[in-house]
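Here chain A shows up in two complexes: once beside chain B, once beside chain C.
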Partner chain A sequence: MASASSLAASLSPTTPPDVMSRAELSEIDASAKWPVIVFLVSGLVWLLIGTAFALISSIKLHTPEFLGGYEWLTFGRARTAHLNTVIYGWSVNAAFAVAFWLMARLSRTRLRHPGLLLIAGCFWNLGVTIGVIGILAGDSTSIEWLEIPPYATPLLFVAYAFVGIWAVITFRFRKTEHIYVSQWYLLAALFWFPWLYSIAQIMLVFQPARGTVQALVNWWFAHNVLGLWFTPIGLAAAYYFIPKVLGKPIHSYYLSVLGFWSLAIFYNWAGVHHLIGGPVPAWVLSAGIAASLMMVIPVVVTAINHHLTMVGSFGVLRYSPTLRFVVFGAVNYTIVSLIGSAMAIRSVNEITHFTHFTVAHAHQGMYGFFTMVMFGAVYYILPRILLKEWPSAALIRTHFWAAAIGITLYWIDLSIGGWIQGVEMNNASIPFLDVVRHTLPWLWVRSLSGILLTVGHLAFAANVAWMLAAPRAAGATTPTLFQTPPAVPVR
Partner chain B sequence: MNKGPLIFLGIFFALAFSWVGIVLTNQIQYGSLTPYYDEAEGQLYPQKPSGLAARGRLVYQDLGCMYCHSQQVRRPGFGGDTERGWGDRQSVARDYIYEPRVFLGTMRTGPDLRNIGARQPSADWHYLHLFDPQLTSPGSVMAPFGFLFDYRPVVGERSAHALPLPADYARAHGLDRPGYELVPTPRAAALVAYLVSLKDAYQFPEARPYVPARKSGGAR
Partner chain C sequence: MEWIFYTLAFLIATALSGSAVYALYWSSKHGQLRDFERGARSIFDDEEPVGRMTDHFPAKRPKGP
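Entry: the complex of A and B
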């Protein structure tokens, strides 16, 4: 259908440019259909599995005898299975789907041979499956963010390399003169991740470096997965969807250039702040702290750019699910990054290091920012590739409020609890078991916020499943919004 | 910014910067750190762990102990590590050179374990603690590791390592059948051998106690 209309458009010189571009867009969307569906649906399945492991781990931290008899679900394994399912299962799959769709749209070219991408997607998910089963069976490497056992990682690497190369090929076929800011972030992320991953695997697992050099490699990798992979993908999506939904350009082109390069230069040095006070050379830590503080520049610049684009259009948040999720994510990006810079200051780190404060921070970043932006992107992309509307606005509303309240409760609660834990732990006159006891109320509230997040995920999954199963409506349809806007144009 | 190759070059050099700075430079700086030879004792430090402890380290790894326990002591005056008795001195890079995988850790849901072997040298304490942390540390949130133990009929003599459970605990948990004993599996034995081996007793020159500057007069 899409091709027919684009054929008609190309034959008639009088076709208005808008119609032409719509035909072209739907052709691009059609080429990305199956890869996006496969990545998103497998990501969603991992999200549900990861949520189950999250709840189990969270409950175990205040009620340790819960499921205590099962070796494969002992805290050290369930927690690790949670991290790897939500990171390599959900987040990476979602990132793939969004990155491909964005790359094809922004390059104004269809995906070539999408079938090959499907194979890469299958390999990736096979690798994650083997990896998570391996972790539950006791083969974890116990290297943070790299726990997947060495018999599964080569599979992941090959699948990733294939996906990355495919995105670059799509970029090479671009029909646009201009390279949009989202494309810089996508290209950078797709190039950085395999570099980080392969060096980390070699120097930590296959040919381990000596002593605490391992710790430096570990945190160079683990923090950069956030900073140089998930953050750029999240920002690429925010840079696309905020102006797209509002129908107006991003606030400042020059700020987006400054934001991109300052992030590229400073973020990759910041990771070693996870080792402050540790047995590694002091100069690396000082360099890492300096870089962490310099991160204020890209964060503030990006914040100005995103939030000033919003100024004057806040009313649209009442209607557009995509915008509401993405803006929630963008606001959290600003907050979480500024907190992160502060946490690298030695006197703050002395308290927050080794506590739940860091856990709160990690979740605010990966969920409050990245995952929320991905949710918003899915609400935009799926109707366009399936040519169907979301079946239920109520489910979207449930998803948003459960996720937004859940994650906000989560990070504020654990930040307070973690701060108290850190202050008390540094005071040797308080017995350690009292410090543990004082964290319990905060851990209970965390489990509560986990239940809220679970509700949100179930609403999301139900809506996606319903949408996939529902027949396509005949004729024109209107987008599913939270409420019908009076006259505001929403795209 | 419309030139693809230029953008790519920038992307490349951005990460190359920290790859050289954090990874390569440190690998060159101390990636082949050697043990310290003590001339008075005629000994090399640190010493290599025993075979059983090396196997126990793998159990520590597969159960994910490091997600709740760090293995690094911060210097006196920075955090409360030494005041809590987690070590006499700060940890230094040389302490870790024989460890095939370094478990520095980033979380202290439980206490630091870098010197747990010095604090709790008794294997029996560790067995009880692993079987049910409430036995030794009431109020702990540590996972119980009952699956590392066998409840079995005594064959011949009682095992030397049978757990000395308090009588009322054994009764309450149905572990008081006559002729039965609760014994650690080989994995538990290896794990405990590893835990007991964890102590950085040697004073490397670079690890001398650091006295915070506010006490004038200096340390040495």
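Entry: the complex of A and C
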């Protein structure tokens, strides 16, 4: 693909530089249009399906007879279907969409042969569909985070291979000399995920390892999917969108590089803290705990960096939907990671293990951090690839407040409820059934927050559908749709 | 049979760790770890320069001083 065929190169050499770079940006955004739309819309459909399964499983926890007559909606299947639809359906699709757009923009090069990515998108979603139907039919592998039955996983792997290779090709054709920190995160994540997924599939599903090695591989995979796949993509987006929206470089680029490399060194070890108290060698657990605590370094470094970039510009949160979601996500990243490190300490883990505390933690990470950052990214990307403005500011506000209040209520509620549950379970004089009964009020509040999240998702879906269907406004030809706003004091 | 997979897993893990070390070496060799000021500014250009906000709610532009 000769770059001479690009629009920017065809302009007269006397063209002013800002017109030149606008043409270049416009071309990059246009090349990513269809892959981003396909991955995003399919992700959104999965988000809605996943939300339905979430509500069903949440209600079943306090009202077990709800939909009790359907075997394919029993708790074990509905909850598993929820996990796999929101992870492999929503989160991975959204991650692909955002990763492509970011990679193309940061490399300042067009996405080549986007048609092949559409095929990869079809394969991925076909794989998830077969997998979820398989789970509902009772074919779950019963290995946490890898429940998708083995007849669907090869499809996922083939689709992933396409996507990963394409991002690397985009990077290979980069026109920038400097590799921005977001690109480091994206590239690393794109290499780490196939490694995690293939090794875990082989050692747990196709040729299962024996004994405790299975548990070790399981938690090495399940935790690293969060830390070495979703976290880097979420952070890549945060490191791009916060400075980009503000029009202000990141406070300390040095800290961002330090954060990246310390995550790369420590995270891989951390997953085994899920097995504290389990029958695995003590040194493995100690290493995992040490690594979990070392994660404080990249987390604090990232938090300081994002905060100092924001200082003086918090007023912009009133104006920018993207910044609101991304900053909310970044703040949650700091909180959830510090709680996570604390949960790896043996004395804390004795209480939180096997309780709703862990559930609160997982949701704060995947939703409060990752999903919120992805929402923010979508609010930035879609107008630029569709050359349209978001149709409704009210729907964006509804989405933000429903999601932000919903997830905050969710994690605080279940953290308190889970802690009480853990303390009571450690007290042998309290009958187990009483401990279960005491969790009921917290579970009701959880369902309530689930309803709030559902409202947010419906507002988001309505806005996206409306935007896709709406005709393009006359004169909207620039890649950055939003016209230059009057200067806002950015200190 | 099992040992084939363990060996494979070990080799892949070694290769990945090796590539990470190489990436760090490469980035220091190619000036990626120098001039952080320039690195931080690399996402801005003439079209979207430093000092210009690039996002806001539809139909609601901030009123600057």
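Operating definition for what follows: the second predicted complex is superposed on the first by the 464 of 491 C-alpha atoms of A that agree within 3 Å, B and C clash if a C-alpha of one lies under 4 Å from a C-alpha of the other, contacts with A are read in each partner's own complex, and residues count from 1 in each chain.
To be clear about the criterion, contacts are C-beta pairs under 8 Å (C-beta built on N, C-alpha and C of every residue); 3 or more make two chains touch, one makes a residue touch a chain.
In this text the structure is predicted, and so the values were computed from the model without any measurement.
J.: Should the pairing of chain B and chain C on chain A count as a clash or a fit in the superposition?
T.: Verdict on chain A: clash between chain B and chain C.
J.: Between chain B and chain C, whom does A:Gly127 touch in the aligned arrangement: first, second, both, or neither?
T.: In the superposition, A:Gly127 contacts neither chain B nor chain C.
J.: Please work out whether A:Gly368 is in contact with chain B alone, chain C alone, both, or neither, and reply first, second, both or neither.
T.: Neither partner.
J.: Please work out whether A:His178 is in contact with chain B alone, chain C alone, both, or neither, and reply first, second, both or neither.
T.: A:His178: touches chain B and chain C.
J.: If you stack the two complexes on chain A, which partner ends up touching A:Thr74: first (chain B), second (chain C), both, or neither?
T.: first
J.: Based on the superposed arrangement, let me know which partner A:Lys244 touches: chain B (first), chain C (second), both, or neither?
T.: second
J.: Report for A:Trp220: first if it touches chain B alone, second if chain C alone, otherwise both or neither.
T.: first
J.: By the touch definition at the top of the document, which applies to A:Gly89: first (chain B), second (chain C), both, or neither?
T.: Touch partners of A:Gly89: none, neither chain B nor chain C.
J.: State whether A:Trp195 touches chain B only (first), chain C only (second), both chains, or neither.
T.: Touch status of A:Trp195: both partners.
J.: Of the two partners chain B and chain C, which one touches more residues belonging to chain A?
T.: Of chain B and chain C, B contacts more residues of chain A.
J.: Would you check which partner chain A:Met425 touches, where first means chain B only, second means chain C only, and both and neither mean what they say?
T.: Touch status of A:Met425: first partner only.
J.: If you lay the two complexes on top of each other, which residues of chain A touch chain B in one and chain C in the other?
T.: Dual-contact residues (chain A): 178-179, 188, 191-192, 195, 199, 203, 209-210, 257, 261, 264.
J.: Flag every residue of chain A that touches chain B in the complex, lowest number first.
T.: It is residues 60-62, 64-65, 68-71, 74-77, 79-80, 138-144, 171, 177-179, 184, 187-188, 191-192, 195-196, 199, 203-204, 208-217, 220, 224, 228, 257, 261, 264-265, 268-269, 271-272, 274-275, 277-281, 284, 287-288, 346, 350, 353-355, 358-359, 425-428, 432-433, 436-437, 440, 443 of chain A that touch chain B.
J.: Using the touch rule from the top, collect the residues of chain C that touch chain A in their complex.
T.: Going through chain C, the ones touching chain A are 1-2, 5-6, 8-9, 12-13, 16, 19-20, 24, 27, 32-33, 36-65.
J.: Which bits of chain A are touching chain C when the two form their complex?
T.: Per the touch definition, chain A meets chain C at residues 17-18, 20-22, 25, 106, 176, 178-181, 188, 191-192, 195, 199, 202-203, 207, 209-210, 240, 243-250, 252-254, 257, 261, 264, 316, 318-323, 379-380, 389-393, 396-397, 479-480, 482-490.
J.: Any idea which chain B residues touch chain A in the complex?
T.: The contact residues of chain B facing chain A are 1-2, 4, 7-8, 10-12, 14-15, 17-19, 21-23, 26-27, 29-33, 60-68, 70, 72, 74-75, 78-80, 83-84, 90-97, 99-111, 133, 137-147.
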